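Each of the two complexes below includes chain A, the first together with chain B, the second together with chain C.
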Partner chain A sequence: MNRLLKIGVMLLCLAIALSAVTLSAFAQDDPRRPVTDDEVNAVSKKLYCPVCENITLDTCGTLACAQWREEVRILLSEGKTPEQVIENFVMRFGDRVVGTPADPTLRALALITPWLLSALVLLATGAVFLRWRKERPAAAPSAPEAKAATSVRTFAEYRARIEADLAARR
Partner chain B sequence: MLAELGFIATFLAFVAALYAAGIALYSVRRRDERLLLSARNAALATLPLLSVSLGALLIALLTEQYQIAYVWNVTDPNTPTFYRVTALWGAQAGSLLFWSGIMSAFAFGTIALNWQAQRRLMPYVIVYTMLILASFLALSLFFENPFERYWIMPDNSVAKSVFAFGGAVPPAAARLAETANGLNPLLRHFGMIVHPPLLYMGFVGFLIPFAFAMAALASGDLSTNWIRATRRWTLLAWLSLSLGLVLGGRWAYDVLGWGGWWGWDPVENAAFLPWLLGTAFLHSVMIQEKRGMLKVWNMFLILGTFSAVIFGTFATRSGLVDSVHSFARSAIGFPLFFFWFSISAISLGMLLWRWRRGELRDERRLHGLLSRESLFVLNNIVFVMLFIAVFWGSFGAPIFSELFMGTTITLGKDYFLQVTPPLFLALFILMGIAPLSAWSATTLVRLGRALIVPALLAALVVALLALMQPTEPLVLLIYGVIALSGTVALWETVRGAAARHKTLGEQWHTALMALVARNRRRYGGYLIHLSIAVLGIGALGSELYQQETQRTLAVGQSLKLGGYVMRYDGFLGGQIADDGRIMDIAQVTVLRDGREIAQLRPRRDFYPNAEGMNTMTIPAAHSTLENDFYVLLVDWEPISAGSATFKVFINPLINLIWWGSLLLVFGTLIGMYPDERVALAAAGAAQPSRLAGVKA
Partner chain C sequence: MTELPMTHDVLTERAPAKRSVNFITVLAALILASMALIFGLGLRHQQQTQPTEGMAPLFTLQTLDGQEIALEALRGQVVVINFWASWCGPCRDEAAELEAAWQQYKDKDVIFLGIAYTDTERNAQAYLKEFGITYPNGLDYKTKISAQYRITGVPETFIVDRQGHISEFVMTPLKRVQLSAMIERALAKGTQP
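On to the complex of A and B.
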């Protein structure tokens, strides 16, 4: 009896082990995988809330954003890469959900324009600078402006100027 | 009674401002001193009048006059006294009136202090300051009136008006108190007592150099008088704006619960834009003062700075930031846009007029590429490029794409972190080199020699930073460039003090004090450079090496992050605070090397009466020089709270940002402090100096 019980327990263990192996094989077939909060946040950080302006999905406190974060989790668990998840959101909500537009034209417009404008500023400055280097130093402006420009800086200078004026009159 | 008093005082201030502007202009045409004095007195009267109207609104807030719609909107019976005071600028109508109040205070100070010394410019200064003040008061009187009251009409509808009309009766006080809205939860932070006033002072303060620049253009006195008269006002405005920006960052860090301090949000950027041009202006005016150069450029910068102030105000108050078309829905959208456009067009027109007449010709030209003038010009160019990049990202691209491409885009942190870092790096390089170069010309060898000791000091700073945090070589190089901009300033100061110590035999501290006293502007500026370097290292470290994780923990469980361990100890749910908010508090212990170093209480506050956003996530942090261990309570298991979800950040070097800003305050105050030479000059210039031809 005791021996039969031992054999029974051994068979049961074997059956459990076999079923665990079989189940794990099934589990590998399941496309879903556990996704951590950090993975969700890493993607959500790159996405902007489609309804509230300028708030990333990972920090937005609305219920809608909580649901979108859950969608990110589901998409990641289905095996989508972070880039595919972002593409999915861009397709549904447009370029406003990413920090720089995904559309190549818009992206180029966004990223190149400030450099083009800055290049123009640099060119203009360079041109002015070159022109100045070629010019002889200009004389100080004449007439009232020049007189106004020589404003009195210190009491000592003021006194010195008065003394000089008086000396010239003597 | 308070509503009527406040409204009438505001209206009288509006009339006084218009009268002052009109009569000041007329006095110039008639060359009549008595008319000018009348204009001056009317301009000065705007401050007491607006003090009365702001006082009336403040008393209404403190004494719970809920019939006034503004009071009903921003307070409720549970609002503590502290927040009743800050509610004065807690919504559009009150903050606009407060803005006008600060503007009148600046105008009062300028007119009172510069009346004798700048008589030729003062009539025009009065015209411009008062016209701008009148424009803002018109917004308060006709579009966003903070003194409107609720009335029940005979047909039981609710109307808003300052005065009772057509058989209207006031609503029941108890009902009003019961339904009062309360202050926006986001604004319930101790920083709100200083952040908005400082920001407004920064914005409004630039009115003074703007008005003087316009006065110089209008009067034809295009010497450096307008710059000298406004240097301290500009520094005051710049300091206020700088502190307003940093405190805004601190508020975001403490209240918004996203672990950072600067998000490149359009509202933040709207305040940053005038700061960029204002900083460029502060540098370039030195060249005009010392070398008589860049006259047109300086005018352009200060006119641009004030234009950016008004544009930022328009963009953030009109709703333009949310959508390019939404400003039409805002009551003050079109008036503010019109005002900004007029101000910009008039000032640009005046500048072009004087320029074409050849009255803004420079007295010297730039020659040496490494001269201080050239490096300052380069610094200005980089500031302008940063302005372009930030403006384009915040407003230009979104508006352009919506108007011309029919699509809405957001340029967020990604964009700004791609475009701005090279420009910031260029600024730090220039900050390191420019103070060592000489006016007119410098050789490369001389510059290289002067850089040796500061470079060694910067290397020491980099080594310390590398010890604190494993860092990539490129980042270490960038740290080095930033540190160099600070060590140059430090070394130049030490070298100056050492020279006095050696040649005059002074004690070190006496030598340092005497050195600073001899040229407060220069050494104040050096301290500001040092503070910006400290701030830059903090900003870079916290941005690049921030670590974060989010976990759900059962009571007693721990998580590990960057050498720290955080244990979840328990939960206190449904705690009711004095102001009526309901707090859910998690209790956690932070350990390092097995030793308990802090007990933190991150929490979630719920405001039952608030409309819209009524929940706030309040972080808890353990701060050291090395980093902040920053914890947010994200979620918890209902009822039992047996488990809770936390988002935890480690923000390296973030505290350098706050400490750097303290240095910035000291540096600016040193730079603003009048020295003996200037005081004597002012005394000399304060002699009666009426304009030729003006009647007594």
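On to the complex of A and C.
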């Protein structure tokens, strides 16, 4: 009985050792790592559905998007970074997966217009600021200077007017 | 005594700002024009439909088994170009019908080309295996071919005659009988280019 127990324990130990060796070998063969849904969604947010208009992969319920999300998971599990996954999708499916228009003219305009708009805003702000800087001394001179200038001009004009009135009476 | 109204030469004081204002106006006009162009092009792009006549846009398909098939090299044969995807339900409905039609016409100067739209190689291969499809199939790399044919979804099928002209276009799942009739019409259009 005791001998049988010993053999049983030995066999059990052997089985455990064998399975450990097999599992470790399997783990070395498969370099994939587990990928969480959050990781998949973080990448999927930056990719667009191939079927719907302006809907990102993470919110799309179509089978096409489900397959693409699975593809994202596989690529991430293979050790690719999110940037590499996006690059891989662009390489395979074109720029439209990142929301860039497919039409080349449209794409060029869509890229240039925001920069033009920014330039316009900057220039307009700069022009307004410069005008404000230029106009400030003229529009709002210091109080004593303004008073003196006004009084000199007013006196000269009054005098000219009085002289003109007197001349008219003569 | 009333104070005389002060005259103020506004025009001469504001003159230097005129050039910058003009430049901003030009820039604003440029932006408006480009935005209008974006809108116009977007609208035009939306209104573009699949070609139903004229020369079929040329392409080279890299098949899933490693061949390269150029449409131009297929002149003299009727070509059935079918856009599909493994995630597309209606494509599954027509898959067996297409294969049956291919078996019927493969020795009669007719070639079928399957183009998987926005599909992964793994899923596309599984789909082909599932339906036992034997005619050449390939992925639409960068969706360039589908853009040339301006497809709006899948499945969509184009029949190209022996001269390379688009003979017919269908955007619904096909039945074998319907496809056979279309192929026969294309075959009847002429023999050699």
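Just so we're on the same page, the second predicted complex is superposed on the first by the 87 of 170 C-alpha atoms of A that agree within 3 Å, B and C clash if a C-alpha of one lies under 4 Å from a C-alpha of the other, contacts with A are read in each partner's own complex, and residues count from 1 in each chain.
Rule of thumb we're sticking to: a contact is a pair of C-beta atoms (placed from the backbone, for glycine too) under 8 Å apart; a residue touches a chain by one contact, two chains touch by 3 or more.
The structure presented is a predicted model; accordingly, all values stated were derived computationally and were not measured.
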Between chain B (first) and chain C (second), which does A:123 come into contact with in this model arrangement: first, second, both, or neither?
second
So in the superposed three-chain picture, is A:67 touching just chain B, just chain C, both, or none of them (first/second/both/neither)?
second
Counting only touches as set out at the top, which of chain B and chain C does A:48 meet: first, second, both, neither?
first
Which of the two partners, first being chain B and second being chain C, lies in contact with A:92: first, second, both, or neither?
second
Determine, under the contact definition given at the top, whether A:109 touches first (chain B), second (chain C), both, or neither.
both
Using the superposition on A, tell me which residues of chain A are in contact with chain B and, in the other complex, with chain C.
94, 96, 101, 103, 106, 109-110, 113, 117, 135, 138, 150, 153-154, 158
Which of the residues in chain A come into contact with chain C in the complex?
50-51, 62-64, 66-68, 71, 91-94, 96, 101-103, 105-106, 109-110, 112-113, 116-117, 119-120, 123-124, 126-127, 130-131, 134-135, 138, 150, 153-154, 157-158, 161
Note which residues of chain B are touching chain A in the complex, please.
220-225, 228, 256-258, 263, 265-266, 292, 321-323, 359, 361-367, 374, 377, 381, 384-385, 388-389, 392-393, 396-397, 400-401, 405, 407-415, 418-419, 548-552, 613, 615, 617, 645, 647, 677, 680-681, 683-685
Going by the contact rule at the top, pick out the chain A residues touching chain B in the complex.
36-38, 41, 46, 48, 53-54, 56, 58-59, 61, 94-101, 103, 106, 109-111, 113-115, 117-118, 121-122, 125, 129, 132-133, 135, 137-138, 140-141, 144-145, 148-156, 158
Can you list the chain C residues touching chain A in their complex?
1, 3-4, 6, 13, 16-17, 20-21, 23-24, 27-28, 30-31, 34-35, 37-38, 41-42, 45, 85-89, 117-120, 122-123, 139, 141-144, 147, 153
